[in-house]
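Take a look at the structures below.
Each of the next two complexes has subunit A plus one more chain, namely subunit B in the first and subunit C in the second.
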Partner chain A sequence: MATQIRELIGNHKILPVSMERVRDEDDLYELGMTSFASVQLMLALEEAFDIEFPERMLNRKTFASISAIDRSVSELVSGRA
Partner chain B sequence: MNVAVNPAALTTPALERMARVADEVAARYAADVDATGRFPEETFAALKRERLLGCWIPKEYGGEGLSLTEICGLVARLGQACGSSAMIYGMHQIKMSSLIQHSVGSPWHLDYMREAARDQLLLGSATTEGGIGGDLRNSICAVEVVGDRYRLTKQATCISYGRAADAILATCRRNPDAASSDQVMVVCRKGDYTLRETVDWDTMGMRGTRSEGFELVSEGDARQVFVQPFSEIAAQSMLAMAHIIWTATWYGIAADTVVKAQAFVKAEAKKKPGTVPPGALRLAEVSASLQQMKSLLVAGIARYEEALADESLMNTLSFIAELNTIKVSASQLGIAIAQQSLMILGLAGYRNAGPWTIARNYRDLLSAAIMINNDRILGNTSNLLLISKIDVSVA
Partner chain C sequence: MNAIPPEIRAAAPVVTPDAPAKPFLDRLFADGVLMPTGVDGLYGRSGAFEEVIDGFERLVERFSREDGAVKIHFPPAMPRVNMEKSGYLKSFPQLAGSIHSFMGNDADHCQLIAALTEGRDWSDYQSPTDVVLTPAACYPLYPTVAAKGAVPMSGLLFDLKSYCFRHEPSKEPTRMQLFRMRENVCIGTPTQVTEFRERWLERGPKLIASLGLPCELDVANDPFFGRGGKLMARNQRDQQLKFELLIPVNDGADPTACLSFNYHQNHFGTLWGMKREDGEEAHSACVGFGLERIALALFRHHGNDVAKWPDEVRDVLFG
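Take a look at the complex of A and B:
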């Protein structure tokens, strides 16, 4: 799933840096993800994984790193199954 | 500025002390501050005498540990007398909230907080920058730390009361290689920096805030850089505090026009006993608007305090959207209230002087919509609302 998340971040140009430089634990905000880009990423994730983020997940922490996103998306995907 | 402390300041409630400053000092100099566009020095000397600059600081650090509601009450009370003074006092308190909430784990900042309470220091801010403008979550300038010293040069488009402040809290990139949004905040102390004026401050209103543009060149102890990244300071306290405390300022300025409008209607009623003056209906109308504005402020404070108790709320998009909306609504209501009061006061209110003038209030309130431009905030909120659900709950 992390690979798919990486692809989405890359394809939607969420970060001003190249994806190869980004490790799973890196803080995406520190790498330059703007709040506008973070919302675009949330929309892309909802679309790609057919999920809907509940309000409690719509905060900075949920989207702070690739592994944090992975955890949240996995939780929603498994909850649906 | 060394000022002897009024001994009574230590025993009287803060709001009473603020009423004294507002009525006896700020109101007296407000017209001159506005006309000449100067820093309200008499008011700030009085605020220091009454120990009102450090009253938000927790008791264990030498302050009074007031609540956000009390701080907003003080700001609004001052706003009834002098809008510029209230805005400066409010901006100082916004910086103070950063110091109070984000000094944990940094002995230097904790010591500085003690010093701020003891010496009643006035804190200023340098968040805007040439080439970036009001987008305070991006910086061009960067702090350079060499050994135990920091060095920073910032082309600040606005440093309100820059020359009068005892310290300027400046945002910048963490280091010269950091991304524009990877920011820290530095406490630049008076004596650490020089200010070269680059843009004058000659505006329609808020003339006493002296929000000139400066080149700030600062050097000092590297420990003065906040440990917590600015992204967290902005998200956890500064943005919310700015919206709430500005709202309190505008509320005070708008409330003053309604107080005048009511006194005007009452004077009319006394002149013609047995009749209801034409402005009475408008007064009822404007009192409803003022109540609406107060509700926004009270709701904002309650929401913030709720989020302080439950940190997971603080960073949610719905919290940010709600605070954004409070700012936009309050800034629009403030000017609408002044307009409604003007309808009651008529020519007497439109005059630049005299007992019924609300000219200064009106001009001061015009700044509300552009202090972080409402269009920028609405743009930000519109993005959040692509994903965050509209809150339809009652609580």
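Take a look at the complex of A and C:
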């Protein structure tokens, strides 16, 4: 799933840096993800994984790193099954 | 980061004066402070109301001059392309106002008149102009600064004022569709702009208290649109990018944000390519004064007859 998340971040130009340099634990905000880019990422994830982030997840932490996103998306995908 | 100074946090609790039976807006109309136009949020202002605003602006200007802020005045409209580029329509599509005009020929004109006569929607015959209404006083500033070249290492400071438009019709007199915003804006290094904001976070509450008004400083967020907007609002709060100075004004409602203190980080620097002389992206911060809101707070707390306001308030405002 982390690979898919990486692809989404890259394809939607969420970060101003190349994805090869980004580690799973890196803080995406520190790497230059703007607040609006995090919204674009949220919408892209919802579409790609057919999920809807509940209100409790609409915060900075949910989208702070690839592994954090992985955890949230996994939770929502397994909840849907 | 940017914690609220303790002396401000310990300020007197915010109290709304006992609400008389008639709604505040109706009392303002009855006493001729504001004049209705038939549209909520669009009002005429009395001479006394304007004098109060003039008086308050003189107080702000004393600080702006001391700081060496450069005064610029833009009309209350800006190029449509600049609003498109600014991201305003991504974050606040519900508030934006665009200006349309008739651009047709004689035949189109006949259809326009026919639609009007028959009471049909005539907006089909209108086309967007190159101009939109200014949503915040500082929006026209950033492209202007960017066009001038690198921001000097000493930073830039501006003192702005504009009528602003936001489409949010309301019966609350403090939520007007067309209102004036006075703004001081600092552009420079992160340290320069956060220090500028800290300075105003200290001055603002003192300035309002000197007018005999209760106030309270709080972390805030902008009214971003939609579900994505919730995420943006939480981001803004988590990072304490926006503070508001709240004054109780409306009957039985939460206190009203009359001043706001915003740290934009490099948002406008990136957007408009504003670079400093050392090649780094410029950061910016602004303090905004909602002039009608501040005047309304004064009328709410001191009464609709300015001549009867406490001497100490009159002295500060008109002295």
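Please note the rule applied: the second predicted complex is superposed on the first by the 81 of 81 C-alpha atoms of A that agree within 3 Å, B and C clash if a C-alpha of one lies under 4 Å from a C-alpha of the other, contacts with A are read in each partner's own complex, and residues count from 1 in each chain.
Criterion: a contact is a pair of C-beta atoms (placed from the backbone, for glycine too) under 8 Å apart; a residue touches a chain by one contact, two chains touch by 3 or more.
This one's a predicted model, so the numbers in the text were calculated from it and none came from an experiment.
Q: After the alignment on subunit A, I want to confirm one thing: do subunit B and subunit C clash, or do they fit together?
A: They clash.
Q: Looking at subunit A, does subunit C or subunit B touch more of its residues?
A: Of the two chains, more subunit A residues are contacted by B.
Q: Based on the superposed arrangement, let me know which partner A:Leu31 touches: subunit B (first), subunit C (second), both, or neither?
A: first
Q: Applying the document's definition of touch, where does A:Met42 land relative to subunit B and subunit C: first, second, both, or neither?
A: A:Met42 contacts both subunit B and subunit C.
Q: Report for A:Arg60: first if it touches subunit B alone, second if subunit C alone, otherwise both or neither.
A: both
Q: Let me test your reading of the model: by the given contact rule, A:Asp50 touches which partner, first (subunit B), second (subunit C), both or neither?
A: neither
Q: Any idea which of 4-12, 40-48, 76-84 or 112-120 of subunit B is the one running into subunit C?
A: The listed stretch with clashing C-alpha atoms is 76-84.
Q: Report, in rising order, the residues of subunit A that make contact with subunit B in one complex and with subunit C in the other.
A: In the superposed arrangement, which is not itself an observed complex, subunit A uses residues 34-36, 39, 42-43, 53, 55, 58-60 for both subunit B and subunit C.
Q: Hey, which residues of subunit A end up touching subunit C in the complex?
A: The contact residues of subunit A facing subunit C are 34-36, 38-40, 42-43, 53, 55, 58-60, 63.
Q: Contact residues on subunit C for subunit A in the complex?
A: 87, 90-91, 227-232, 234-236, 238-239, 267, 270
Q: Mind listing the subunit A positions that touch subunit B in their complex?
A: It comes out as residues 16-17, 29-36, 39, 42-43, 46, 53, 55-56, 58-61.
Q: Of all residues in subunit B, which touch subunit A in the complex?
A: Answer in residue numbers: 137, 179-182, 229, 231, 235, 312, 314-318, 380, 383-384, 386-389.
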